[in-house]
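Report on the structure given below.
Think of it as A, B, C and D in the order they're written, each chain with its own count starting at 1.
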Amino acid sequence: MAEIKLEHIYKRYPGNDADSVTDFNLDIKDNEFIVFVGPSGCGKSTTLRMIAGLEDITKGDLKMDGEVMNDVHPKDRNIAMVFQNYALYPQMTVFDNMAFGLKIRKMPKDEIKKRVDNAADILGLTDYLQRKPGALSGGQRQRVALGRAIVRDAKLFLLDEPLSNLDAKLRVQMRTQIAQLHQRLKTNMIYVTHDQVEAMTMADRIVIMNDGKVQQVGTPDDLYNKPANKFVAGFMGSPSMNFFDAKLENGRVSNGKGLDVAIPEGRLKVLRDKGYEGKKLTVGVRPEDIHTEQVALEAMSDALVDAKVEVSEFLGTDSMLYSRTGDTEFVAQVNARDYHKPGEEVKMAFEMSKAHFFDDDTQVTIE
Amino acid sequence: MTMGWKKLGVSVMAGAMALTLVGCGNSNSSSSSNKKVKITILQGKVESNKQFKQIAARYHKLHPNVTITVSSIGGGTDYDPVLKTRISSGNAPTIFSLAGPADVKQFASQEADLSNTKAAKAAQPGTLDAVKSNGKTVGLPFNVEGYGLVYNKKIFKKAGVDATKLTTMAKLTAAVKKIDSQKSKLGIKGVFCLPGKETWILSDHLANLYVGQEFGGNALKMYNSKSMKFTANKEMKAMIDLQKNYSVGPVMQQDYSSQVNQNFSQGKVAMIQQGDWIYSTVEQIDKKFAKNDMGMIPIPVKGYENKLPVGTSLYWGVNKNKSTAEQTAAKNFLDWLYTSKEGKKLVVNKLHFVPAYKGYDDAKMPDALTQVVFKYSQAHKTIGWAFPAYTGTSWDPNTFQPNLQKYLSGKQSWNTTVKNSIKGWNEQQASK
Amino acid sequence: MKKTSRFFLGILGLLLGIIWLFPFYMILTNSFKTPKGIFASVLSLPGNGQATTTNYNNSFKALDFISSLGHSLLITVVSVLILVLFSSMAAYALQRNKSKLSGALLMLFVSAMLIPFQTVMIPLTANFGQAHMLNMWGLMFMYLGFDASLSIFLYQGTMGSIPIAMDESAELEGANRFQIFFKIVFPMLTPITVTVGILNIIAIWNDYLLPSLVLPQNQYTIPLQMFFFFGQYTKQWHLALAGLTLSIIPVIIFYIFAQRYIIKGVTDGAVK
Amino acid sequence: MKNRSLSFWLFLTPTLVALALVVFIPAIMGVFYSFTNWDGLGYTEMLGFKNYITLFHNSGFIAALWFTIKFVIVTVILLNVIGLALALLVTQKFKGNNLLRTVFFMPNLIGGLILGFIWQFIFTQAFDALGKAFHMAWLTGWLTDAKTGFWGLVIVTVWQMSGYIMIIYIAYLQNIPSEVIEAAEMDGASPWQRFVHITFPMIAPAFTVCMFLTLSNGFKIYDQNLSLTNGGPYKSTEMLAMNIVNTAYSENNFALAEAKALIFFLIVAAISLLQVYYNRKREVDL
């Protein structure tokens, strides 16, 4: 329905001497579900609020369908927003909450009713229309907030951590519901969250931010498998990637304290070509790429590590082994059948063909 | 300069009013072209306001062209601020009241010359002394009032004391002791009730007898004096001590209402130092007692035996900044009130005023206390009121009254009290 | 809470309540006594042939009660409506705009509260008199000037608890500033509005000095009429106490009615 | 809301205009008059700082200032302690708590002047009667000296205003989420600890407001002073506002009164604003 472009957007609050958002660039295609993810304070909400028009853009252009929107009043941007704490109007009924924006726009009464009823139907709120927000459960309030956005028929939906106040089960439910909603409405959505699982499961594309800067933009698959830097690699995935400070020597990486593994030929060549022989770098290994079953130990005999299990979590199909080698702690996600008790000394195989390597200074992925 | 500020204020305000409120202005109608005249009265005797309103209505009936609006602000200090704000805001009344020389000076720019009014010519000798300004008369007395020792005839009779014979301090003291010795028999709590809280009982009324002597009881003379000697202070002390020692206690807790309403009217004390104005209060509490059992005798002062302090507490002033028609109407009204046949009747029977004017010889005052005042006043057995000379000055509230109260509550010797009072007066007069 | 501690709290409250009510007991009982009865014993109940209800009759007439009640009501209601409206708007502007200017303006309002009334009364009445505004309309405007500061101060303190997301949400939905304020924010301020309303109603209902300077006699309020009972020498307590009782009744009724709004905040369910 | 926006000013204009016309312009005129010999109607000369020099030698003014400061210290403490205690009491759950709110607030329904008259009765009649009945000498002779006059004023003020302070505290107490208190209860905090560590810090803004109100009202009090003691005996209970009014109306020295008022204003403003500044800062820290 709309194409949105953010070109070199900067935000600096008056009185601050650093930018809160630096050089933000993004093209949003029609009907795309974009998720902004990153730790709190990384600038994702600020960017969202600039798109909404709630914050001034310090520098750069925001374009919608080719038109610069920087100075357009929020109400004229045709944007709907769902707030983290919902911002429901406590003195109005659910119906009035949803109808408010339409009444303001002087829409005919029967049209308002049609839209609200429709939205209530979609969200399963029909029975609650005459209640006030105080009499609703958390999930219901959340849906009212969504409903308020739906009735507006806006070009762009902004959702600012809409699920953060819900319990885990509800959150999963609502996640699907929002995804379905997106399918159904075919509207652009920008969704802000600090939860990488939400980002991975919902997004067409993820924008991952840190310290006011975009770290990487890409599909969930890109971000997981081809992280642009150590931050992205560490942020995406749960449990997160294990990092080891090590040195590349003689086709092996070692840190002299427990870790000493060989690198497959192809990966080694890249590293050598980039001149990392004999240098320090950071090795990243995802927990699911560490194995303990006999087959793997035999297959990857040149990448074995002696580890001591400190905590062991049984998760049904998998086990998480919180382990230590030398003075480095790491997590291994292994088959539940390979259960190990805390305190056990275990040999573990690192699947180095799936390892990630990062420059020690720039933290950028070496590839 | 003042005008500049005011204009600024007014113009800003006018704009703002238009913005925020629907103004409902009342324009000052000048009625010189028309025969109809509207005059306004702002007077300081709250308790008589109802009566003045009725009189104004009656006057309008007789003179349909003249409409009089009467309003009142009372309670001592409240009157002056209201009058001042009315004047400075251009809503000044046509007729206002003046409380003495200090007010005469304060409102000099408003006061019309009333020397040629019939009322001024009919005024009793001496009653206009306090309201002369550059030889002109600028005020007309409301009435005259008198004070002394108001006593309970029943108690005196029961105690075997003849009040009319108490003409000297010695006789009074003896009588007080006699009454005091029969307290329980008479059912009283004390001989006197001295209200130490009401500063004016001592500083204005009582002190008048001892301080006023020096100035012949003439307020204006005292107002213009450079110094004061307070030669009769020992006699004043004796009188205070007598009242205090035989008063229901604690004296510093007693005020007007405990003195009049609570103690005297209920027969709990034999006598109090008060004036004819208490009649209506007593009447409200006990009609029969007020009618039959109240009497008043002069406070015995050496050299002024059997003389009652009689004077005026309020005067009428006419605003000279109003149109001639209004001023004339105002003067005519006052003349009518005090010199016409009907007016005189109203003064005596409706207002219960002891007249300050000649021509009331055959009047019969309606109550026991005003009868006493009228009698002394007609017989010219009076002492003048000098205290209006200082009631409007800072010496009274800041020096004289606090010093007397300090003496009364035992915090200070009489000598110091006298010394401070004289010093304060002389300083004030010097800086005038 | 345990039953016993609840019981003791009740007892404590009862005792305090009695202390607090004692003066009212005096007003009420003495208003039914003759003048003689009042001074015979102020503490006792009306009796001994000194009980009467004529005070109410007389006071009602002397106060010109119906008309002065009308003036009191009109002045109080209109003034308070103006005050609540404009001061909540001003507080909103100041609270939602955190700038140096707002801080300075707030200080200005606050410092106005510190200026003693007596120092401005003469220039004030002079100015208004020249603008022909010494009447009840001028008085209402003056109340806005005198009492807005406290109201703004009170509003400002609680407005912070209304999430700014409320404003933003409404703004995105297309509401302008006035719609945001009147449809969203103001309704959420009800508890403090009731508080502000009550405080101002009481102050204005009982005010004596300012109306005495401003109102012409045909617009007199109850307290002004009542002061005819307080002459320089004679205080007509029997009438004053009856009049006082009559004049307190409307305010008590209002207060009891309004109280439940203070008790229950309506912000429940706004967020989370 | 941005301060350059039109709506910001539209929201503020009505009150700003009223404030300017009703308070500030007259106040500025008053300040100007304090340099003249204004008598309430007009003036004839400029006196420069003469009035200000006079007032510092004016023993009545200095005495009234000290009396007022003592009064303010005592009443600010008592009003806040009692007002908050009452608020805490009536926000507990027990029978009749709503009725009690009304009762505690009722003194505000009577104007200050009449209130003073009524309390005069109580101090002189009821106290006396009780004192004699129970042989407690300290209950007799109230309002006859500076000490009982002072405490009389304090009692009347506390009796009247603590209900007012109470409802402000209540308004803020209602805003505390009950979970927070419950959390503290779970943590094992005693009622007193809950109050000191949780409730009180959370109603800090109310404390700022109430401190300010009690301070500024304490300094400005006039009606009760007039009707209860009228400054007596021997001017020992004359407070600042009354001193200023008397200077103006009974001494007819309006210019000096305006000078006193300006000094008075500066003192009160300095103390009150410092208080607000300090408390607001503390609120942020919490």
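Throughout what follows, contacts are C-beta pairs under 8 Å (C-beta built on N, C-alpha and C of every residue); 3 or more make two chains touch, one makes a residue touch a chain.
Each chain and its UniProt protein: A = ABC transporter ATP-binding protein; B = ABC transporter substrate-binding protein; C, D = Carbohydrate ABC transporter permease.
All values derive from a computational prediction rather than experimental measurement.
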*How many links in the shortest chain of touching chains run from chain A to chain B?*
2
*Name the chain whose C-alpha centroid is most distant from the C-alpha centroid of chain D.*
A
*Approximately how many whole Å separate the CA-defined centres of chain A and chain C?*
55
*Between chain B and chain C, tell me the centre distance in angstrom, where each centre is the average of that chain's C-alpha atoms.*
37
*asked:* Can you compute the centre-to-centre distance for chain C and chain D, using the mean CA position of each chain? Integer Å is fine.
replied: 16
*For chain D, which residues are shared contacts with two or more other chains?*
14, 18, 20-21, 25-26, 29, 40, 245, 248
*What positions in chain B touch 2 or more of the other chains?*
5, 9, 13, 20, 81, 84, 88
*Name, in rising order, each residue of chain D that touches chain C in their complex.*
1-3, 5, 7-8, 10-12, 14-16, 18-27, 29-30, 33, 40, 86, 89-90, 92-115, 117-119, 121-122, 125-126, 129, 159, 163-164, 167-168, 170-172, 174-175, 205-206, 208-209, 212-213, 216, 219-220, 222-223, 240-241, 244-245, 248, 254, 257-258, 261-262, 264-265, 268-269, 272-273, 276
*asked:* So in the complex, the part of chain A that touches chain C is made up of which residues?
replied: 52-54, 74-75, 79-81, 83-91, 100-101, 104-105, 132-136, 138, 141, 148, 152, 165
*Along chain C, where are the residues that touch chain D in the complex?*
1, 6-7, 9-10, 12-14, 16-17, 20-24, 26-27, 42-43, 86-87, 89-90, 92-94, 96-97, 99, 101-102, 105, 107-124, 127, 141-142, 144-146, 148-150, 152-154, 157-158, 160-161, 176-178, 181, 191-192, 195, 198-199, 202, 206-209, 223, 226, 230, 235, 240, 244, 248, 251-252, 255-256, 259, 262-265, 267
*Note which residues of chain D are touching chain B in the complex, please.*
13-14, 17-18, 20-21, 25-26, 28-29, 32, 39-43, 60, 120, 124, 128, 140-145, 230, 232-235, 245-253
*Complex contacts: residues of chain C adjacent to chain A*: 163, 165-166, 168-176, 179, 183-184, 187-188, 190, 266-272
